[in-house]
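The same chain A turns up in both complexes below, where it pairs with chain B and then with chain C.
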Partner chain A sequence: MNEMMIKLTSVTKSFGTVTALDGVTADIQAGEFFSLLGPSGCGKTTLLRTIAGFEEPDSGSIFIDGQPMRGVEANRRPTNMVFQSYAIFPHMSVAQNVGFGLRRRRLRPDELQRQIDDALRMVSLEGFGERAAHTLSGGQRQRVALARALIMRPKVLLLDEPLSALDKKLREQMQLELRQLQRAVGITFILVTHDQEEALTMSDRIAIMFEGQIAQLSTPQDLYMRPKSRQVADFIGSMNFLRAEILRRQADRIEVRIEGLGKVELAGDQASHNADDQPAAGVRPELLTILFDETDRAAREVEGEITGRSYFGDMTYYEARLDGASNAVTISMRNTSGRPVLDAGARIRVGWEADSIILL
Partner chain B sequence: MNRMRISWLALYVCVYLLFLYAPVLLLPIFSFNDSSIVAFPLSGFTLNWFALLWQTETLHSAVRNSIMIAAITAIVSTMLGLCAARAASRYAFRMKRGIMGLIMVPLVLPEIVVGVSLLVVILQFGFELSLWSIVLGHVLICTPFSVVVLSTAFNNLDRSLEEAAIDLGETRWSTFRLISLPLIMPGVIASLLIAFTISLDEFIIAFFLAGTEVTLPVYIWSLLRFPARLPSVLALGTILLAASLILLVSAEFIRRRGLRRTGATDRGGLF
Partner chain C sequence: MSPGSLRSWLRSPDGRGLTLVSPPFIYAVLLLAAPLAAVAAFSFWTQNYLDLDRTFTIANYREVWTEPVYRVLMLRSLTVSALVTAVTVALAFPIAYFVSFRVEPARKPLWIFLITIPFWTSYLMRIFLWKVILGYNGVVNGSLLQLGIISEPLNFILYNVNAVVITLSHAWAPFAILPIFVALEKIDRSLLEAATDLGDGPLQRFFSITLPLAFPGIFAAALIVFIPTVGDYVTPRLVGGPSGLMISNMIELQFKKANNPPLGAALAVSAMFIVTAISLIFVRISRRYLRERA
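The block that comes next holds the complex of A and B.
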């Protein structure tokens, strides 16, 4: 499992004056579901196309399964791609699309048919072989694109925003299916997406990219709970920032005073801020708790006032100002039966815990 | 008020259509008229003018020349157009705009300039004027049209379709053959038809560059010097009219069938 499949070393690529990739270095393991996440224009699609062989890096190197890829064209690489537009050949049937890549292998007709049937079964499209490709729905096209790439048994499957064209319900269903499919075939998947939720639910590891560089590469849990920069913290989920002041720094303990929360001692791995910058304490909206009942108690409590709310059905998002803090915070609370929805102006007690704080 | 505006609009449309098509309709009417003078009232029905055409050997060779020249022109300029349009839509290269501009210049160059300059060049190099020199001139003026039509076709073709084929192991050439060409086929057919039609009725270049053998427009022009032969020119015109209508309708039929087969939405087209 820990065998390396792709090794990227200082991959750099410019288009004219625009630097799309700025020294990207990463190792991707065999059998891993790996996501490239970032806002549009961050270089994630360029990186995917560079791995596929559609773009040649200006400098740096790409190794796939130990083989250097410089000068190797896309049609000779052990990678296959699912395009954002799916790129289903409109003048062919579903079976002709799926079997397209096997044309060069000159299989016997019955063997070709068997492999096409297998691939269609894998994406739950049995019996669709004779359909004209242009009659398919968006979700079906995507399955055809998947089958067409997987039938090649690539070492790496590249997916360029494959779910962005689908509606919400179908997208969530396909996220699950893609994940299951990846486990079943055991092929390394590299997914490009700008949807953080999609990346979090599907990936083994995620590389967050900003401006052509990988800002952080880690597991979904680690990225969410221990972001290394405010940019990353802000991009994945939402994060409240409160001003903080470092009081004392020891080997593995840091004592800080946080506006609105008070004095607290943090473990060393909770702090990853640049020493030159004014530090800020980050806390996720769901890790602040409104103590609705008089009898509710928390390890640490502070007081504040509601300034606004948005009701989402299952959740309510409160805007609140903690006493003594200059920034407002967002607190998300699950709506359970009997729990009131508070209005602006209500005084609240807020519970929190020291290990939910990160110092950035 | 509203009714008023509609009726003025209707009148305008009628006058416009009359102006456009009435002269063309006179062609078949007088070609069946039993008189060598082209004037009303009609004197009787005859097929003599068509029969006369059937017997004129020089006409037959002119038609053969024109069709051959038009066919070769259509194929050559479409092939050149394919290369230029693919390069322009798929690659970035130095001086691209300038080069594409130069290819398009014959579109606005007066044909008489093209005709005279080609005549001078061909004679200077000591070549003899022949049907091939006409093909040369026609390819020059037809290629811009092919480039325009085919560029549109290439630009409408989703680039990731070609990339998908390469990704699945095909070479650039087999990708072109298996994916690009079938999908831009409506454009290719349109380019062939346009180039064919332009070449078929082109007069000035054909007139300057013709050697001993002439094309159909040049032949018709030579007939106009004999007033007695005028009705047979009209008969010839009638045949050409019918032929081009058939060509047009079948081209549109092929285009629509192509659209249905790939499920593309109907953008443009002739009707």
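The block that comes next holds the complex of A and C.
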């Protein structure tokens, strides 16, 4: 797992006056499910196309499996791509689509057929070979695109927002299947997505990109729990920000006063390197708890008032103002039986933990 | 029908549709169907010097289908049309490809506009221009003589079938360029990237993706050029010379100088029949081809 598959060094690419990639450096390991996550226009698709060979970087280098890729045409790279539009050849059958890349390998007809059947089985499309491509549904097209790329046994499979055109149910199912498929074939997958949930559920590691640069590259858990900047914290999940003031900074302890929560001592790694003396304290909505019963007790408690709520079926998201805080916070609570739904104006007690705070 | 119900019928979708379509429909009946019917009727009559014998006969058709001269002219018309179609489509494709794939999207309308500019001059004018270009003392011969490539003017470029093919191919070029251009424009560019991604070089990609997907446009272009050129008579008359005459020239001759409209009509109906048959076969083949590919 520690063998390096792709090495990107200061990759830069501009289109006219627009800088799409601004010195991207990253190492992607063999067999890894790697995601490029970011808002539209952040350069993630450009980076994917640069790895595929459809764009040549202005400067910087790309190595795939130890081989330099400068000047190597897209059709000679050990990568294959699943396009956002799927790009299924409309004038061919499913089998012809899947076997497209194998034409040049001069296989015996029965061997070719066997490989196509295997690839179709892998994406659960057995028996679809003779279907005309234009009769397929969106989900089936996606599977054909996957089979067509995987049959080439690429060193790296590139996926350009492959699930964005599917409806929610199908998308969730395909996320699971893609993850399982990746484990089964052991090929390095690089997924481009703007959907943070998708990136979190599927990836081994995620690179979050803003304005052509990687803002943070880490595991899903680390990105969620230890975002390095407010931008990252805001993009992944939702994050409450409260004003904070550093009172005392020691080697591994930091004493802060947080608006609405009070004075607390934090571990050194709870502060981002970007945090200055007037940082924001971030806390996830699910790490704040409304104490519904008189008897509920938490290690740390503060009081506040409900200002609004959104009901999501399994969850309720409360807007609340903690006493002494200038910003409102969001608190998410699971709707279990017997738990009342609170209205605006209700006084609440909120429990929290010191280790759920991060300083940004 | 009472006036009230007529008024409400005229407001119904059916009524509105018919009201809308009736002026062009009447126009088409008067100027297309009626003359066609007249030609068909004539073809079964006989001309006796000054008056027309209206008894039904198929003698005209017997003559058309047995006399060798008509067969020669018909075959020549079809050959010339087929040649013109092939040349036009072959020359139109690279132009359409260039505009679709190489020209910046914002510039494409300008290019299409430029392609149509030669067609602002009249058809006749352009044929005469080709006479100037291809003639014995014309531009081509003059330049080649001046360059010392030939020692005497070329004779085979004017007043024969070659001149007809050259002139007609030029005349019909935009009608071939446009449908091919549209077919090429419709090709999703990510398909080409997908083919590249799967290992195809530019040439393989062209033959596996671009050309098959452009076929509907190519078929359309071929039909659009083939059908009207079979019946063209101005170009063969002006640049074809005696060896370049086509079936329409014979039809004209029968109607005018030979004073035998019934025979001319039978020739016209026969030519129409043959062109229709060929076109239908062509459509059949292309449909089957497209369905197999689809």
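Note that in this section the second predicted complex is superposed on the first by the 356 of 360 C-alpha atoms of A that agree within 3 Å, B and C clash if a C-alpha of one lies under 4 Å from a C-alpha of the other, contacts with A are read in each partner's own complex, and residues count from 1 in each chain.
In the analysis below, contacts are C-beta pairs under 8 Å (C-beta built on N, C-alpha and C of every residue); 3 or more make two chains touch, one makes a residue touch a chain.
Remember, predicted model here, so these are calculated numbers, not experimental data.
*Asks:* State whether chain B and chain C clash or fit side by side on chain A once the two structures are superposed.
*Replies:* clash
*Asks:* By the touch definition at the top of the document, which applies to A:Leu181: first (chain B), second (chain C), both, or neither?
*Replies:* neither
*Asks:* Which partner chains sit in contact with A:Ala74 here, chain B, chain C, both or neither? Use first/second/both/neither.
*Replies:* Both chain B and chain C are touched by A:Ala74.
*Asks:* If you lay the two complexes on top of each other, which residues of chain A touch chain B in one and chain C in the other?
*Replies:* 52, 54, 73-75, 79-81, 83-85, 87, 89-91, 100-101, 104, 132, 134, 148-149, 152
*Asks:* Flag every residue of chain B that touches chain A in the complex, lowest number first.
*Replies:* 158, 160-161, 163-171, 179, 182-183, 261-264
*Asks:* Any idea which chain A residues touch chain B in the complex?
*Replies:* 52, 54, 73-75, 79-81, 83-85, 87, 89-91, 100-101, 103-104, 132, 134-135, 148-149, 152
*Asks:* Note which residues of chain A are touching chain C in the complex, please.
*Replies:* Its residues touching chain C are 52, 54, 73-76, 79-81, 83-85, 87, 89-92, 100-101, 104, 132, 134, 148-149, 152.
*Asks:* Which stretch or stretches of chain C touch chain A in the complex?
*Replies:* My answer: residues 188, 190-191, 193-201, 204, 208-209, 212-213, 293-294.
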